[in-house]
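The structures considered in this document are given below.
In the two complexes that follow, subunit A is the common piece, with subunit B as its partner first and subunit C second.
This part shows the complex of A and B:
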């Protein structure tokens, strides 16, 4: 996009070696009886993009909301685990006011549905300016100018004019850019993006992915990027966590995961991606049959068992641990008995 | 062969008001002279940038949004001459599936009532309705026992199945699908895509299929219409479009379409420049500010939609050069 214009502050060649921006371990969040996130751990280095992929309802957004301290207290709570943000220490248990100060300033969030996160009765420029004013104490006029500049930065055409629009006057892609402008308004060290490109078409998606990548390079931020599109993962992620029914079932570097998926759920996902096929014939996509189990009454054993084409006796009895595969790369993790030491052939 | 749906020079313009006095600031030409045909039993995909007017076009085809100009023929009828009552009857045969299965189903109605709505509107008996609902729910892979449930008791994929069942009530011939799987999981997308293809084969349906997933379009559609800023810029059968796209915007779309191969990350394929505002579209060819091949004439005059190969129409002054030299395949887009 605008090569040369970006001072690259983060020139680290090996993000994994750096001190993580964010470290989540043993995170458990429940909504009443429903264990939405049931023991999730991962770390994100500065300049690293970690993608979380997985079925709808697997707990991806809950992970993001737990990190941001945005689980509505009336609905649920973070029960266990630790959330460590570099420079700010443990976030779990911080008072609301302290959390609100960190949110928006140190962490930016781009939500799944811009329409539900933008206020319909305020102009988009005003909403962006408000974030700037709240966290950086700028004057109203300076904040408005900054809002216009941010809109330009995220590629909104005629930003002066668009700043005066209400959210419903913008198309989906434009609203998502407004969300991104708000998320990056204070140069956050961590960006949590929850399906930011899901509703967009490819050139805009490519631009927004490039934009996020550019902002990441410029700010040296770590990014947690939630998506259900493995092609997007292939484009942007260094590492991937695959979630299913509240737990991580596989994690690896992007290349390893896409080249040789180990978990049957990951393989199923890869297979169901549409690709060109000969015409005329009864074309069908391979599917993962069935649906996600009810998280409030999970059966024992492997959570994927009811949909797994490879399930065997042990799978019904004991839940497999997330562990390095018996054979192969010790740096990756998989939660499946097929890959456990000394269990299957 | 006469097309099932024949759209000619269709336009939808929105007045835009701004400022404290709500003065008219201009007109958004959301759809600006679109012509396309959908033939029986085929899937025509409509692709294009966010805000280029796909949903507006889809809504205008069903007259859920009144067109500003143009002609609409469906099953031989001139839709724009129909009064409300006759239009309601025509809508039995042309239905819509929406992108967001959360927003498009009334949360206070049970699945049976949602699917059965069309039967009520068109004055069917209770018995016909219940039988129809049971049949439709079964057709989309749910069961009659789901009729008593409310939308929130279903998963996203199941809700989209209900949206499809609703659209199939009373045997439509055309179903307009506005991004029907974009909001769904990959595994559920595959289930719904298979369902749509199976229903098409069994019921002889035609689809106008709006999508931003070019890989999915390649899988599901017979022909593609590419839209840019309210106009069609290229129409072609799937094979020609993917093998030899002739419009620079189509080439950019294909180049920007992400690959599943992590070693093929796109570096310089993002079309440069800003998406033009539909409030003040560029002169001449609307793509010229982003087009790496623009020549002087492109700024001055809008190119016409020309047929360059059988079934392959392109709106570009220079497409003829590329149609004549098909080996010139990989065109670098951007800087």
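This part shows the complex of A and C:
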């Protein structure tokens, strides 16, 4: 169907990236008048971790939920674009029943809130077993054994006993491990993780990151990891997409992006990492000044303009395209007039 | 769980004691002489005095209550002034009829009401939702006696599809059960709709969908069990009202149950019958609420058991 018609620009330096598990292109999702995702493209290769970073409200979760087909129909819909999953073809426009057969089997998702994401009235073992019963037609007993095995795999101590616990009996970290066990139960080729460590304390965070990394090695899945924390990006990602107000403003390999951020927004994000700030100024530069513009009525021109320290005339008139920078690495993409061909900066 | 159950049952006794005292006081303090009423309008003074002595009505009130309690503890609810038969026997004889009526009405409320509520919550603000909303508004607001008479006029008198009164065949059940059950169908539909809408927006429902579970599994298993927890509490609350409704419905449809027995008792000023019936109803309500509470803790694992 697709014949590789979409240019996949990120992760090109990695030869394994030749056949992506997931290709998203031109994705547009809106909630009524609000354009939460306004033309987003990226691709993820097997064994690759792609991070989507951005402030709250930039549309990161909406991208993940659009891929999963989990945008509540009463609230919004995926309007345009293509979501191509290896072996399953185009997902956009599939009926919910067809999507349900893919969700949990070919792609699994981990959410931000481990405290509320498990059903309070079922034992955690049962909730994990449900996935393999649904997709692999296992018997109740076999599915229970598999659930215990998965709990062990995600590092839950005494999994046999924990499988019989209800969610409220487990800590946040343990619940997140249960969520991960559910997401990987059918060895999915794609794992979507939406800020899976944000709600956890620092030591647990590190453990969960290590676990996700280990599982990726083991399963060879592609991972889309959503975070607003560039330190997490540095730890786990090969590729990064920086999102702002519903669009990708910069994408590059992690190393290139962290070494030389091109977009003023990316630079701002990096300046807000406490360790990256000079001593004495840490308290005064916590975040980029200003707020995300109203996505329901965006003015023309660059979306970051109102907060950009380097904005100039052109920025107010025309929205910059996402394109390779005029000077430098052609594998990178940036959406800023400062780096556009033939525009004097 | 067991400890909790034992505790709840232990608390039951003082509750029932208080209920018995309240019933006793209210009925003995209302104006009117029960002995005179029992004897009939043209009885001799000596006969009335005899009756008064026979039933201990000449004793001081606290002594009467004491005797009453002792008898109660032996399962003796006294005997009817009219029929001279033990009230408990009469209650037991009529109990199946009332249970049948109340049971089917509850079943109707749960099956149809919950079904309608789930259907409405699937597509909020659609025409299905609106239709169900209108029907339940009618069900909640129409008085039971009016509904009963309306149904009787339409289906028994005019269309002659169903018998107007009495008990016996399945056809006899339809009108009383619908009359008694409709307000609860309406209430259950409403409550189910709103709790389902709330539950469907929970994170764990999104998780269930992310696992690829089929729509019906997500709704009937993951959502409804959570929505059922507040519904079960309602079941306890509404059981009492249902018994109250049964009194009216049994009277309209000449249904030979407890409610009608009590109404007859009231009309004939048969003190023992009224007292026995009220105490029986009260006990039933207290016990049902206990069962509901225990059921609640079975359904919701978060409730501490111990």
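Throughout what follows, the second predicted complex is superposed on the first by the 313 of 345 C-alpha atoms of A that agree within 3 Å, B and C clash if a C-alpha of one lies under 4 Å from a C-alpha of the other, contacts with A are read in each partner's own complex, and residues count from 1 in each chain.
One rule holds for everything that comes next: a contact is a pair of C-beta atoms (placed from the backbone, for glycine too) under 8 Å apart; a residue touches a chain by one contact, two chains touch by 3 or more.
None of the values given here were measured: they were computed from a predicted structure.
Undergrad: Please work out whether A:26 is in contact with subunit B alone, subunit C alone, both, or neither, and reply first, second, both or neither.
TA: Neither: A:26 stays clear of subunit B and subunit C.
Undergrad: What is the contact status of A:102 with respect to subunit B (first) and subunit C (second): first, second, both, or neither?
TA: second
Undergrad: Just to be sure I read the superposition right, which of the two partners does A:130 touch: subunit B = first, subunit C = second, or both, or neither?
TA: In the superposed model, A:130 contacts subunit C only, not subunit B.
Undergrad: On subunit A, which partner touches more residues: subunit B or subunit C?
TA: Of subunit B and subunit C, the partner in contact with more residues of subunit A is B.
Undergrad: Output check: A:111 vs subunit B and subunit C. Expected answer is one of first, second, both, neither. What do you get?
TA: Once the two structures are laid over each other on A, A:111 reaches subunit C alone.
Undergrad: Is A:300 in contact with subunit B, with subunit C, with both, or with neither (first, second, both, neither)?
TA: So A:300 meets neither subunit B nor subunit C here.
Undergrad: Looking at A:120 after the superposition, I want to know if it touches subunit B, subunit C, both of them or none. Which is it: first, second, both, neither?
TA: second
Undergrad: After the superposition on A, what does A:255 contact: first (subunit B), second (subunit C), both or neither?
TA: first
Undergrad: Identify the residues of subunit A that lie in both the subunit B contact region and the subunit C contact region.
TA: On subunit A, no residue contacts both subunit B in one structure and subunit C in the other.
Undergrad: Touching subunit B in the complex: which residues of subunit A?
TA: So the residues of subunit A touching subunit B come out as 1, 55-57, 155-158, 161, 164, 169, 171-174, 198-207, 209-210, 228-232, 234-236, 254-255, 258, 268-270, 272-277, 279, 282-288, 291-292.
Undergrad: Provide the residue numbers of subunit C that touch subunit A in the complex, in ascending order.
TA: 124, 201-204, 206-215, 217, 222, 225-226, 229, 299-302
Undergrad: Which part of subunit B faces subunit A closely enough to touch in the complex?
TA: It comes out as residues 16, 18, 47-51, 99, 155-158, 179, 182-191, 193-194, 197-198, 201, 212-216, 218-220, 222, 238-239, 242, 252-253, 256-263, 265-266, 269-272, 274-277, 279-280.
Undergrad: So in the complex, which bits of subunit A are touching subunit C?
TA: Listed in rising order, the residues are 68, 70, 72, 74, 96-97, 100-105, 108-109, 111, 113, 116-122, 130-131, 134-135, 166, 168, 179, 182-183.
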